[in-house]
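What follows is a single structure, and I will ask about it in a moment.
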Amino acid sequence: MKNITKFGAVSALSLIIGASSAFAADIKIAFIDPLSGPFASTGTNGLHQFEFAAEYMVNDKGGLLDGKTMEVVGFDNKISPKESLIQLQVAIDQGIRFIVQGNSSGVANALTEAIEKHNKRNPDSRVLFLNYAAVDPALTNEKCNFWHFRFDANADIKMDALTDVMVENKDIKKVYIIGQDYSFGKAVSDAANRMLKDKAPEIEVVGDELHPIGKVKDFTPYARKVVSSGADAVITGNWGADMLGLGKSIIENGFEGPIYTYYAAGSGITAAFGESGKDRIRLISQGSINPIGSEEARELYNAFLKKYPDGNIDQSRIFNTIGMLSQAIEEAGTADDVVAVATALESMEYESMWGGKLFMRPQDHQLIQDMHVGVHTNDGLDFDYDQSGYGIKNESTVEMASMDSPTTCEMKRP
Amino acid sequence: MDLILVNLIDGLVTGLLLFMLSAGLTLIFSMMGVLNFAHASFYMLGAYFAYQISLALGFWLGLLIAPLIVGVIGAGVERYGLRRVHQYGHVPELIFTFGLALLIEELVQFIWGKNQMPYNVPDVLNFTAFSISGNSIPAFKVFMIFVSVGIFLGLLFVLTKTRVGMIIQAALSYPRTVEALGHNVPLIFMGVFGVGTALAGVAGVIAGPVLGTFPGMAFVLGSIVFVTIVIGGLGSLWGALVASLLIGWITTFAKSYNIEMEGILNAIGIATPENLSDNPLRDFWALTSPQIADILPYILMVLILIFRPQGLFGKRES
Amino acid sequence: MSVPALELNGLKKNFGKAEIIRGIDLSIGKAERHAIIGPNGAGKSTLFNLITARFPPSAGTVKLHGEDLTGLQPFEINRRGLSRSFQITNIFPKMTVFENVRCALLWAQGYKYSFWNFVNRSRKLTEGTEAILEQINLANRRDLPAGTLSYAEQRALEIGITIAGGANVIMLDEPTAGMSHSETDYITDLILKVTEGKTLIMVEHDMGVVFGLADRISVLVYGEIIATGAPEAVRADPKVQEAYLGAALEAEH
Amino acid sequence: MIDPVTDVKGARPDEQITTNPADASQRMRMQTPMIAVAPWVIAILVLLFLPLVFTNNSALTIMNQMSITIIFALAYNMLLGQAGMLSFGHAVYAGVGGFACMHIMNMTDFFASIPLVILPIFGGLFGMGLAMIVGSFSTRSAGTVFAMISLGVGELIAASSVIIVAFFGGEEGVSGDRTYAQPFFGVEFLQQIEVYYLTAAWVIVSALLMFLWSRTPVGRMANAVRDNPERAEFLGYSSRWVRFYSFVASGFFAGIAGGLFAINYEILTEENLNTTSSGVILLVTFLGGVGFFFGPIIGAVVFTLVQTVLSLQTELWAFYAGSLFLATVMFFPGGLAGLLMMHVPVFKLGKAGHLVMPYIKTLIPAAIGVLGLAALVEMTFHYRHAATGDNEMTVFWTTFDSHTLLPWLIAGAITIIGLGIARATAPDLKEAWNEANTAGGGA
């Protein structure tokens, strides 16, 4: 009996896999990120931006290589490394050669290793990994490989820019660092300590703390410590519910200085902070939204809002990813030979519609770009987030941030 | 010193919130033998309903209506789901609630989406009640304390001073006898389940603005509620109260003070090994209390189960 | 004189302040059939539970073949050759009748916690089980789940499980409770048959069964044994008549 | 309170919640060895030939995932089904076994000296070791105490996975490369198909060992202790030790599943330990049915398909999985296996033919109705959450505009008609079912 069941089930399986590979687009990109579960909102928003970017920037303009269209296919990895690897295999079997992923450095680590092994073991179905948001510095240092490209600034670059801005602010004498207890949180804390010491030894780090990730119900005790420490500023790499919980709690319980963050915008967070976060939350990001980077970007954003009225473009790097990939495919003259595309991507210079120039550093495949520190406000915005009237407005900009930063990457090219 | 006082207040808020969940759960558990895994899901429903109602009618009506809706849903779940599964035994019942918790989370995402809801403290209560050396105590927290203490007193009154309470207390210990006396035990079960889930709903309404209203809010709280009632002792309302406060204060203090494992080990005479960074136990030596604050209740529970399986105030074992 | 099969010395049990067993001394010889009778609430089942370590005694000792059982777990006592049944039917309802009996044979046949033997490969185990099933007349029920048997059959099965391990001291707690006359006769015959040559200690209300089976009788009233002796002697004892037996006997006729 | 013993006294004959391998063993004993061996031979043949049907790597990957889940679920059922112990933290035994294997993979010299095929044994040993430590205090009683200790220990170990970075590698986990093992008869396990056969061999071996375990004295006594621990004590067996041995054996096979995970994915992370994984395996096992040895196998196959394949089709996969699970608990507490085995008496009576027509009349409309309902759910979801301009949606290979009335009417009509017919014909089915289950009568 069980064998019959199994047989039937597996037949169904091959049918479904077969059916879903019957789409018609010429160049397919697999988007492997959470589309269900607690992190689904970030994943879904990212997928919408990717789909829109492919439509608007490629297909509506006649496609690539004389009319080939581009399609982004969503794969739900439930933010699980295991599921990501299964979905990666499914994507490869569907003939997809470009993988994009961003949420969770843990998943990115699993993917980059799996892709390296896959490309080594299966030279005729190699794939590229375009990482648009996983910022663990290791990915472009000791764990780098030829197939991985990062379009976001890594945690160190962001901290470098953030601390450049912080030391300008002479009111800041004491800093409290708090983050989630995992590799990224630790990387933020290490970078902050190191760079503050370097750039402004007079600034005192009065607290440096990690809390369990995704498990804290009430941040009040942490907020108390921040307030009692007499800190003038807080640095945190928190994201999602941990960012919102921490931020709200710190503000509510009497802290009055700025909070420097990596991920305190969009996905409902801007709306939830609302008035309470005004002029308090600072955000490090790339791509200028307020003021908008270019007229082209304004048109694109408006078109995006027409399609997704409650959507945000909170990850402008997604559009850079699609733009640079398109340019690389055109340069290589093929979308099938990923080595050629990768070679074209390496050391590419690209004019971003969100302002500034982008440069894909060949040593480690880290994109170098302008970094902006913005403030959460409702004044003088071109575009708000979450339809809340609030958004992030640039205060300072670091051009081509960390252009010359060292890397431990020893790139092996095929 | 001031910080201790502040932490006491914060721990009290956390503990009382936990109590509102565990009180209902411990009643349900001891009466019906159901480890209701979906209890925290009703807490989540409370927050979401209150948010939806507050958009139209304001916070206060939300506080009033949302728990009622949650209670009715809870009673419905008992009547049309649990009662059916009850005949198969306790394990399927438990697994039923487990599945229900998953389904409720999916439903909430289906209806409200996956983002955090902008459900905020009402303006009337959005001010600082008082400050202790720079640490402000928001008025809403004071309000939370009053609501939960009020509910505790109400429960105590109902259970000890009214006829229904007497029957419930009797049914806690001798369900068969109570049934033999002609009381409608299924109806009592449904009522207790409804009231228990409504209490969880109240907790959701008042915790939603502070702790955030998002689809993962039930999962974050889920198992800790069990831990509370197991530590307190199954079926004991006082046990639930004491365990809730204990957990509230333990976690609050553990987070507020950076006690390091190295310090503790050195204090009891174990010297820090040389070359700590190469030591396989290095992570253990570097432990700090905030890191493990949220798993302390689990450690406490395992110890209690090993040495006193009936819990702090419990009279019967499992 | 040889060592008694079971010997109780000053056995006491308190639940809180209530003294349920107030000091019992009793000696039961090998191959003796001993019945314990007494009014409801006299502590008969409690006495059974004390002997088999279901509860720890408050004071006193229990000796099995001269060996002190204090501090032993029920399974350790069982391994020393004492087996019991329960007042409320206590079998494995979801397992088949055959499985029920076979489980009772496992330890006795030395399988212990082994996971390198397969139970259905052992001819000895199967034959032993079938022999017991024959004895308790349930051979034609062997593949039914035990929970589906009739009440009398379940009681018979319980007796089968109790004797299967080959214990030489058998304790039966009200084996005929709640049975019709014909069922009672069936069980009485069964007990006679299967306890041949073994020490039997039973609690029983049905005086017919008691006088039909027992070599000696003890009368337990309010946690104390007020009389022990041969059935006729006990029946004649004025204390017994006063406390219990008279009324019971009258009711009987 | 969740001790199954409490309500065992008035056991219902139709109760199917817990294992009754007694039946099977009896049948087994009376049948010729040929028939006893047949399912295993068929299973081996099927596993051998499946890759000829499904040649692509993703199907192999999914089948490997199924195999791992099968072993894990069977190991879990050694506790839940066979010994009546409900664990909320069983993922840690598989996880720790897997992490141990990962570390062995990274011990270059040692790993190069062993063939990859024996690696899962190390996983099993580590899982078993952990189970011995935890079991020493958690198996004293079944029921709530055991369940809550398992929850507590599970949370502790899951939490340490991000704290004790040296062993668990933090949130990135630990990764390695399986191909550095000693080649096994020249096979280096570079390709999925090679890994598939390795995993398949382990499935057969482990399932067989677990099946045989249920035939051993300690395996039989696990059932006895599950049904009535007190009675088992009076048969000379310590309930605690019987539970302990079951727990340790279950830990061993869970560890083997973990080892296979390490080989397949070459990475282990926090998700292999966390409570979600522990919960999932409980769902899988119960969905398949704890009452029969092969129940968890069905559960593992169905759940893996839902999780990996259905999730490609719809964002709402978890919603459907939850509904399926809840419906199973409410209406078929014996799980999918129980549902299948309900038909055994019918086949024995030779009346299976009588059910074919009523089944067709009821189940096909019901299935259509349920699909219609699913379409409505999808349309509602699309209507609420899709982008404004994006009115087009595709359900069941049909593309339409979700903002027009017609598709709603069609889907609604299909649902109502389908479920309506099913409802109308249900009494006939019930009657046919009763008739088919009655011996004698019409041929």
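In order of appearance the chains are A, B, C and D, and numbering begins at 1 in each one.
Here, contacts are C-beta pairs under 8 Å (C-beta built on N, C-alpha and C of every residue); 3 or more make two chains touch, one makes a residue touch a chain.
Because the structure is predicted, anything quoted here is derived from the model rather than measured.
J.: With one step meaning two chains touch, work out the least steps from chain A to chain C.
T.: The least step count works out to 2.
J.: Strictly by the touch rule at the top, which chains does chain B share as contacts with chain C?
T.: Chains touching both chain B and chain C: D.
J.: Most remote chain relative to chain B, going by C-alpha centroids?
T.: C
J.: Find me the chain with the mean Cα position closest to the mean of all the protein Cα atoms on display.
T.: Given all protein C-alpha atoms shown, the central chain works out to be D.
J.: When the C-alpha atoms of chain C and chain D are each averaged to a single point, how far apart are the two points in Å?
T.: 43
J.: In whole angstrom, what separates the CA-based centres of chain B and chain D?
T.: Their C-alpha centroids are separated by 31 Å.
J.: Using mean C-alpha positions as chain centres, tell me how far chain A is from chain D in Å, no decimals.
T.: Using C-alpha averages as centres, the distance is 36 Å.
J.: Show the residues in chain A shared as contacts by 2 or more other chains, in ascending order.
T.: If we look for residues of chain A contacting two or more partner chains, we find 40, 44, 181, 212, 215.
J.: In chain B, which residues are in touch with two or more of the other chains?
T.: 113, 291, 294-295
J.: In chain C, what residues contact two or more other chains?
T.: Expected reply: no residues.
J.: Name the touching chain pairs, please: which are they?
T.: A-B, A-D, B-D, C-D
J.: Which positions of chain A touch chain D when the two form their complex?
T.: Checking each residue of chain A against chain D gives 1-3, 5-7, 9-14, 16-17, 19-20, 35-37, 40, 44, 48, 75-76, 78, 80-83, 85-87, 89-90, 92-94, 104-106, 109-110, 113-114, 117, 121, 136, 181-184, 212-213, 215, 306-309, 311.
J.: Show which residues of chain D lie in contact with chain B when the two form their complex.
T.: Residue positions touching the partner: 1-4, 6-7, 15, 17, 80, 86, 88, 137, 141, 143-145, 147-149, 151-153, 155-156, 159, 163-167, 275, 279, 282-283, 286, 316, 318-319, 321-323, 325-326, 329-330, 333, 380-381, 384-385.
J.: In the complex formed with chain D, which residues of chain C make contact?
T.: Where chain C meets chain D, its residues are 52, 54, 73-75, 78-79, 83-84, 86, 88-96, 98-99, 102-104, 106-108, 111-120, 126, 142-143, 145, 147-148, 161, 165.
J.: With touch defined as at the start, can you tell me which chain A residues reach chain B in the complex?
T.: Touch residues, chain A against chain B: 38, 40-41, 44, 181, 209-212, 214-218, 220-222, 224-225, 227-228, 241, 244-245, 248, 252-254, 267-269, 271-272, 274, 386, 388.
J.: Quick one: in the complex, what on chain D touches chain C?
T.: 8-9, 11-13, 15, 18, 20, 22-23, 25-26, 28-29, 212-213, 215-221, 223-224, 227-228, 230-239, 241-242, 245, 249
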